[in-house]
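Shared between the two complexes below is subunit A, which has subunit B as its partner in the first and subunit C in the second.
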Partner chain A sequence: MARYLAGRLAFCVVLLLVISWAAFFVMHLAPGDPLAMYVDPEKGFLTPDEKDILRHNLGLDRPLVVQYTYWLGNCLQGDWGYSLRSRLPVMEEVLDRLPNTLLLSGIALVVAVTLALPIGTITAVRRYGVIDYGCTIAAFAGISIPSFFFAMLVVWLFSVKLGWLPSTGMHSFAAGASGAEALWDVVRHLILPAAVLSLREVASWTRYQRSSVLDVLNQDYMRTARAKGLRETRLIVRHGVRNALIPMVTLAGLSLPELVGGSFVVETIFAWPGMGRLGVLAIQSRDFPIVMGVTMVTSTVVLAGNLLADILYAWVDPRIHYD
Partner chain B sequence: MARRGLLLAVVGILVAGLSLVVQAETDKYGGTLTFGATAEPAKGFVPILGNGMPDLMIYQFCAEPLTWGGENYPSELRPILAESWEMSADELSWTIHLRRGVLWQDGQPFTADDVLFWAQTIQDPAAGAVYFMKRFYVGDVPHRFEKLDDYTVKVTTAKPVYRLMQDICVPLIPRHIFVDNGITSSGLSTSVWNTQGCVGTGPFKVVSYSRGEAIILERNETYWGGRPYLDRLIIRIVPDADALVSAMLTGEIDWARLRTGSVDLDDIQAASHLTAITPLIDYSSYVGVNVKKPMLADKRTRQAMLMALDREAIVGNLLGGLGVVMNAPWNQVVTAYTPMIGYDYNPDAARQLLASVGWEKGSDGILVSKNVNGVSPGSRFVIEYSSISASDNLPVLVQAYLREIGIDVTIRLIDQATLAAENDGKADKPFDLMRLNFGYFGSNAGAYARAFGTGDASVSQTCYDNPETARLFTLGSNTSDPAVADTYYRQAAEIVWHELPVLPLFQQMRAWGINKRVHTEEAVANPGIYSQFEFVGRIWVDRQ
Partner chain C sequence: MRIGARGKKEPSQGQLARTWRSFRRHKLAVASLVFLVVLVTIAALGSRIMPCDPLKIDLKAVPGGKPAAPGAAHWLGTDEMGRDVFSRLISGARVSLMVGLVATGLSLVFGVTLGAVAGFFGGLASSLIMRTADIFLSLPRFFLIMVVNAYLTPSVYNIMAVIGLFSWMGVARLVRGEFLRLKEQEFITATKALGVPTGRVILRHLLPNSVAPIIVAATLQIPYAILTESSLSFLGLGIAPPLASWGSMLNLAKPYIATAWWLWVPAGVLISLTVFAFNFVGDGLRDALDPLQHRR
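Moving on, here comes the complex of A and B:
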């Protein structure tokens, strides 16, 4: 197992290097000049002289290969450069927002797993019953509703009409709030975006789990266990659900990057200060160092998600060994 | 006895009245006001670096220039950190007397050393104060700033600069912060003072910046202009315009700019706790025309195109009525503004004008060159509109109106960076039509030189290089009397209005949603410019 892990980690490092190289050069192939985005669109333009000064100050007048080598060398020493737009260190910009995105995605993931597994299992066990049909309709609705629409719907209902929950941000910034009060403040801000972000996962995972449990229910070992007199609930939980989890582990592992990167819409609508928003803004403004930072962090999360999924296979399925 | 009773009653009433006044005044102190912004500071907190909406939104609370009267500030020249100034007899130097008793927000005194450091930093290309640098130069010669004493500065210029006090209307920065911390010009933008919050002399100071979420400011207790009413200001960053409106409806945000031509305004006006204002702003929209393209080179063609646009209808459809049709090359804020006549919506007259240029109607209704100068006979009048926004409906309207007079416009969607890369700095720009917006230049028409008076096709956004308008703008900028300068600018305006290197469309109004608990009467709100309040410290809020 240790050897397998070491090999996978080494492969990840090489892959990250290739990703960084490809991302850097492909990004610079895109038409457009970061300096063109340096000016407020409402406030006119810069003269060529003014642009030259800025280009030099930002290091954009060097050859591309030099820029990449410089970036990589600094990156390996922990210096990811500065945002062309805000002049903040990239590391600071990205790492400032990463925990917020991980918090939102993590909670959404927990909510999705907590709801999808039991609902999927129950609908499989009680297939073609009222609960199954009800949950199926709800799941299809959940898959079909675009997240931005669902987001606007819950904001209108729970924030504007009922006034129960805040509609934007992560904090209220009330003067003097601390401890439990501050924690509760974050939780209140988290409820709506996490609910919206987890909706699609709950809906689709419910269907996957239902199908997976149905497959397992028809297996010989389930029949054998039942014939040996095992109680139905224990049978479902011990033998059915655990075996049905294997495809779910794959799904969860692959969904992790989707949750991290795909939270852009939700982060934008709820003004959640996360990484998705940062990445898109950086792409629009040709802020190359930030795009590189976000790409590398997202790639790392994708690779880590896949690695985690592989390790979890071995945990949920004793037949799998990494020797 | 009765007289004494009467006296006591009068005194009692006076005391009660006075205490009510004092109470009312005291009630104004305290509370938090939350602004909404769709973007966070783009260039940071050092106020010589940024010149866009999100940056200026913060500068107006924390930093101050020597005077008002320049870009981003109320147009009247008024003393702020300078108390007075005078020009020398030879017109080559100015003596500026600084306000005494002003403290930076960290308690250090504001002196002439700060002014020298501020000017030298702006003049240093390494600092990257590109928006303002040239205003501290005459050509390649920097203005020389000298300290006469702690509160007097002498500025010497290579040539007379009559609008010096307006030109250098840029917020001050503290010398001690940068010098004491060893921060050089090249390190200015990446310094913690730029990325976390700078020290200014304004009524509020930045106390924290939660990136992507909010900037928190607190009252500057030592503000020279009197103790500000509010305890705190919060600038919440909400990138989605719909979410911004929702946050206003829920009461999370008190003051925010709304989209024009959307339902935002209706939503805000329908809410009992909110109100909206829609001031006319120093910002106008045009269709830029590439005057070097053979099909568009004849001014009569451009005149016909403007006559083909029903600009009243465009204002109604595009802006929901929040704008006025332009009747001059610049807007009504400019002192050299004079309403001009012509170019009312008249498609028939437009068709006749195009016929006089040498265009004739083709079989499919699109014009074909008969004998248009520079255009091969038989060529169809087909041009391209480069649009940077899929949500901008202006290109579609322009396309429809020009189709009516036989001009076929195709719309090319292109991102802003690519459009700029294709055209900026080139004398032979590839675009035919594109949307241009000019404004926030203030009342001085001289600022429009960059649009109409460069005399250089590579610098002009529309390749317009008329040497006569360039000459008139130069004459205007070299004239000490603003009224005389305006006569030159008016002459230039008449030429531009006749030649139409741009098709002037409308001057915009800006819509703001405001919570009714906010009181700006004493603060003199002026949302038409980027510094939205004349006296930020005088804003107060009702507290429940």
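Moving on, here comes the complex of A and C:
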């Protein structure tokens, strides 16, 4: 196990290097001159000579490989550069928002699991029944509605028409600073984005849980358990669901990229102050250092999630050994 | 559809008819197929059936810059610049369907080629290709598509290429699996014994026998591509204005959620229905083409 882990970790590091190099390369291929952002406050422009000096001072005249090496060296020492827009350190900008993203994705994940597992199990047990049919159509609708359209619908209903929930941000100005009140304020802001973010996950996981339970129901040990006179509910919960959960663990890891991808759209719509919104804004305004920072942190989170899923997989299923 | 090797009976008619019979039982899939056929026809006719030019700005139609409500002149109203929403929806349908189909076509080309090489030759090529597929699958795909796309010259073609480049992995895995399974079967052993050239074995014997799962995978890939394109356009990082895509129409409609439903509800419903229909057709095809079901 230790050797397997070491290998996987090494692989993740190599992968992060490849991603950073690819992202760096793509962004430098892009049309546009980074010096366009610099102007002389008095003249309003820079002469070609001044530009050359500036280019040299900033290291922009060196080969791309050299520039990348500098970036990587600084990055490893904790210097991720400065945002072109806010002039704040990239590390501060990104890491400040990471907890908000993790909070939103985490809640969405919990909602998805608590809804999808029971629904998936019931639809499998009552296969081809009315519930199964209804849930199948609902699940298809759930994976087909784009998150941004669903977001606009819930904003229209709950914020505009009913006025129950806020549609943007994480805190309201009017909210008190005291513990319980502030917490309730955040919760109210969380409900809509978390619901939108989890919709797709609930829908697809319901389908997977259904087929996973169906697989298990046909196993020999289920027949044995039934033959020895186990009650149906107990049979399904103790023997069926427990075994059906094993593939779901991997699925949770595999759907992490999707969840992270979804958070970019959802955070942008709801102006949730997370890393996804930061990333989208940075891409829109060509804020290269921030884009690099978000790319690296997002990739790390996703890779770590995958690794965690594999470890959990070995833990929940004693039949699996990594060597 | 061809089944089996040369010399074997080719029940192409029978297979197709059986698939169709099986598919027809799936009522929602049939309804979805009808919807898609209508949509594709409308998109193909394009400007010939658009009531107005989707790009024509008509400020006289929108006094005070307020989007005009649906009426006789504009069936689904206009946006704040007086552009006809109905015509823009048709033009958006063209973009969405084209991106969906071409991006899927590209991912099929990459996926089938790489999967075939990995499945047929095995060894180093296989592990290299499959590890690369694993890597692509574990990446934050949407974000990377967003980044790459934002830094390329904005165009419909780049969006198709980037989406295709990031979505070949499923097909590659599938084709490799099919090839590995088929390689064990007697008719492929027979081709070896007869000395059939490698290229011919792959193109004439292995690929045609893997067509069913590839078709299903492709049908389910299209809605993914459409959703990706519309999400990108919704974030303002996809189809560039003034060209209309369903996603960008929703993006522009954000300030009018409360006041002008015709700017965002029709476009959103169309994306949802299209994706829903492709998913259902794919599901119906899977049921119809599933060889296990025929045996029952």
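Definition applied: the second predicted complex is superposed on the first by the 287 of 323 C-alpha atoms of A that agree within 3 Å, B and C clash if a C-alpha of one lies under 4 Å from a C-alpha of the other, contacts with A are read in each partner's own complex, and residues count from 1 in each chain.
Definition applied: a residue touches a chain if its C-beta (ideal position, glycine included) is under 8 Å from a C-beta of that chain, and two chains touch if they have at least 3 such contacts.
Small disclaimer: the values here were computed from a predicted structure and weren't measured.
Once the two structures are superposed, subunit B and subunit C can be ranked by residues of subunit A touched, with B on top. In the overlay built on the shared chain, the residue A:Val160 is in contact with subunit B and with subunit C.
Shared-chain residue A:Ile283: touches subunit C; no touch with subunit B.
Once the two complexes are overlaid on the shared chain, A:Pro63 sits clear of subunit B and of subunit C alike. Touch criterion met: A:Met152 reaches subunit B and subunit C at once.
Applying the stated contact rule after C-alpha superposition, one finds that A:Met170 touches subunit B and leaves subunit C untouched.
By the touch criterion defined above, A:Pro273 reaches subunit B but does not reach subunit C. Using the contact criterion defined above for the overlaid structures, shared-chain residue A:Gly179 touches neither subunit B nor subunit C, since it reaches no partner.
Look at A:Arg85: by the touch rule set out above, it reaches subunit B but stays clear of subunit C.
Of the two partner chains, subunit B is the only one touched by A:Ile53; subunit C is not.
Shared interface residues of subunit A (contacting subunit B in one complex, subunit C in the other): 31, 152, 155-156, 160, 268, 284, 286.
Contacts from subunit A toward subunit B in the complex involve residues 31-34, 36-37, 39-48, 50-51, 53-54, 57, 82, 85-89, 92-93, 96-97, 100, 152, 155-156, 159-160, 163, 166-173, 175, 268-271, 273-274, 277-278, 281, 284, 286. Note for the complex: subunit A touches subunit C at residues 15, 18-19, 23, 26-27, 29-31, 137, 140-141, 143-149, 152-153, 155-156, 160, 254, 257-258, 260-262, 264-265, 268, 279-280, 283-284, 286, 291, 294-295, 298-299, 302-303, 306. Interface of subunit C with subunit A (complex): residues 28, 135, 137-144, 146-148, 150-153, 223, 227, 230-231, 234-237, 247, 250, 253-254, 257-258, 264, 268-269, 271-273, 275-276, 279-280, 283. Those residues of subunit B lying in contact with subunit A across their complex are 32, 40-44, 51-53, 125-126, 128, 130-131, 133-134, 186, 189-190, 194-195, 210-214, 216, 231-232, 234, 236-240, 242-244, 246-247, 249-250, 252-253, 283, 415-422, 424-425, 437-441, 450, 458-459, 461.
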